[in-house]
């Protein structure tokens, strides 16, 4: 049974449980002092969960993610209201560097890596902000990166870039992994491979994952729970199992036809 | 040939290598076009003069102190003035550094007057005697070696050390570096400190040959030509650019006499901008325009 | 492409009558300008004359940099071109009437501006300003050679005709010219060309998408601005009485950039304040220190003035990027609303 949304505008959801790695309460984000891109969103993610944030373009998913990571201001956006609580600690006002060190890892859109550095240099950099053991662990999950060690990161294929981006963030030993549009611009086989890795990661590291995705179908394959977002607000939240393979329901909830993703 | 062409060209190349490094390092670190480069060049020799001649410290002590203070000036400029301006358009840091340059130049003239002062006797380290009674002050040779050593050292730092990798990462994509928990402001400060240090060394090199005078600030702009030739993308390109421009300038002086010295680098600069703005090694994309 | 300022250019805001809002300050400036010789001694009048020249040059720069967004350090070189045109022409053809020469200087300047503008079409921001920097040194080098092959170190002597030989009369001539240039700039600002310039400065790609011919606009800006700057340079030759290349260091161009920043990019009347600030602050600091301070000699005092000037540039850029114009406008609005509230 899909339960229709009962999230009130001020966003205070049912009490955040102690097992929440991440809890966002009543988040409101405003662009350029005019556009309210996020209008009262509350999300919770527990350890070891994969939670998907789904919705059409411009719904506010990426903005939410950036606000959690602390990067809203880079896009001239401001958190107007609400809090971000990480492991019980209010991080809403913390600088992004601090959040990264606390364990909020973000993998931005389009696999952002350092194009002018070689893969090997990325690995070396990872060793500087982490320990050998962790880096080894991460690399063993992405053996292809080691093979590409000498290559300039800018010359990697789309899937490899994404892998490197994830590896970079993983090396920080995050407790929560924020992933923005993993599948963007990648072919289905590559996306499947990456999602496989996600499951591996969840299994081996008990990392909580918050996944922002336009590709509803793929996201639901790996997610435990999902939130559907449209127009800056949460339309509904449900276990992924209930929504899998039901594009008619997605369209109903989101008010538009996104069924074409389900191929 | 040696004393009239090769050595002057090498000295000049070393000088330009340091100055162009100062421009490129800051541009790489923070995307800023630091108009105060000339002032950092100016500061070095005057500080040495102050500590060595006025206060009687040995040169070996005065120089490191002066270099340290210059580097500190660079870091302070970044922390106090550039860092708060992050996100403002290109014109803002240019004008602010312009203000810094005017301020530093004025301070120098207030404390030390407008005249020129010798720092030390060029022959202080002795001379190398060549055939036909020609002499080469050893100080010159040391200066050449020190300039190239510094630049190559910085190059090695950025290319081969972990710190250098972090610096390059931070320079390329500040946002991503921040997400990785890299201290971007520390990296930027390091870039500015290195740049100011390079500039101060350049000033010393020049002043040892000649005099410490307010004209040193002009040197900063001449150093743009090698930086531009190298493409403003890497210190390595700037090094090669320095050799080329130094050769051209020394050659031109050899042919036409000393009066053309001031204008040659600017002609080179103009030609580069008109023909190939990205320089020899840069990518043909707009740099933070 | 980054915009020049964070605020949208003033003229792009919907406004009832831009000329009317500009007229009031201009009248005020005219009134003040006219009254200066009646209140102050000739020494101050001469300084005011220098300020007026700076206003003219700064307004020329406002057109190029403030409105059209083309960063340029070439104003000193253009002033020199104008002055040298007057000096050289005067020495080879002394019969030419006085009125013609500054205009002729302007035309030569415009030609230089055109030649510079053509290749500059391809350069933007950072590259453009370096190119103008290089040009400054090259032009000055050439002019130095010209001077050395002619009158030598003493430079070209230029004399004003008897009609305007009196300093106060000359001051009024300059005042008229400055006001004319101000009206011209204000007129351009609201004209189609001016709006095109500002849109171009804000975002070249978007402007092109709207059908604006970027190349023509840029060239126009270069030519017009160069004409005005060189014209002012020519007038400057008559003001000083002698033309030497040493009067036009890069610092002069920098002071004009500073004037327009302090005034506010793209402003017209406020530019007067910017120019006055840049010329008079160092002078007055020097005087005050000389009179009351314990500081040593005149040259040090002058440098302290320059120091304050440098710090002001930093201060404005960091804390008041809209310049004096924005500060005054804000103060005026607050004053008006305070008056309304206390009625």
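Details
Note that the chains are named A, B and C in the order they appear, and that numbering of residues resets to 1 at the start of each chain.
The working rule: contacts are C-beta pairs under 8 Å (C-beta built on N, C-alpha and C of every residue); 3 or more make two chains touch, one makes a residue touch a chain.
Nothing here was measured: the structure is a model prediction, and the numbers come from that model.
Inter-chain contacts peak for the pair B-C, counting C-beta pairs in contact. Each chain's centre was taken as the mean of its CA atoms, and the one lying most distant from subunit C is A.
Per-chain Cα centroids separate subunit A from subunit B by 44 Å. Distance between subunit B and subunit C, defined via averaged C-alpha coordinates, is recorded as 31 Å. Separating the CA-averaged centres of subunit A and subunit C is a span of 53 Å.
Touching subunit C in their complex are the following residues of subunit B: 33, 81, 84-85, 88-92, 94-96, 98-103, 105-107, 109-110, 113-114, 221, 224, 228, 262-263, 266-267, 269-270, 273-274, 277, 286-289. Only residues 1-6, 71, 119, 122-127, 129-131, 133-135, 137-138, 141, 250, 254, 257-258, 261, 299-300, 303-304, 306-307, 309-315, 317-318, 321 of subunit C touch subunit B when the two sit together in their complex. Of all residues in subunit B, only 162, 165-166, 168-169, 172-173, 175-184 touch subunit A in the complex they form.
Subunit A makes touch with subunit B in their complex at residues 69, 71, 74, 96-97, 100-101, 105-106, 108, 112-117, 121, 124-125, 127-129, 168-169, 172.
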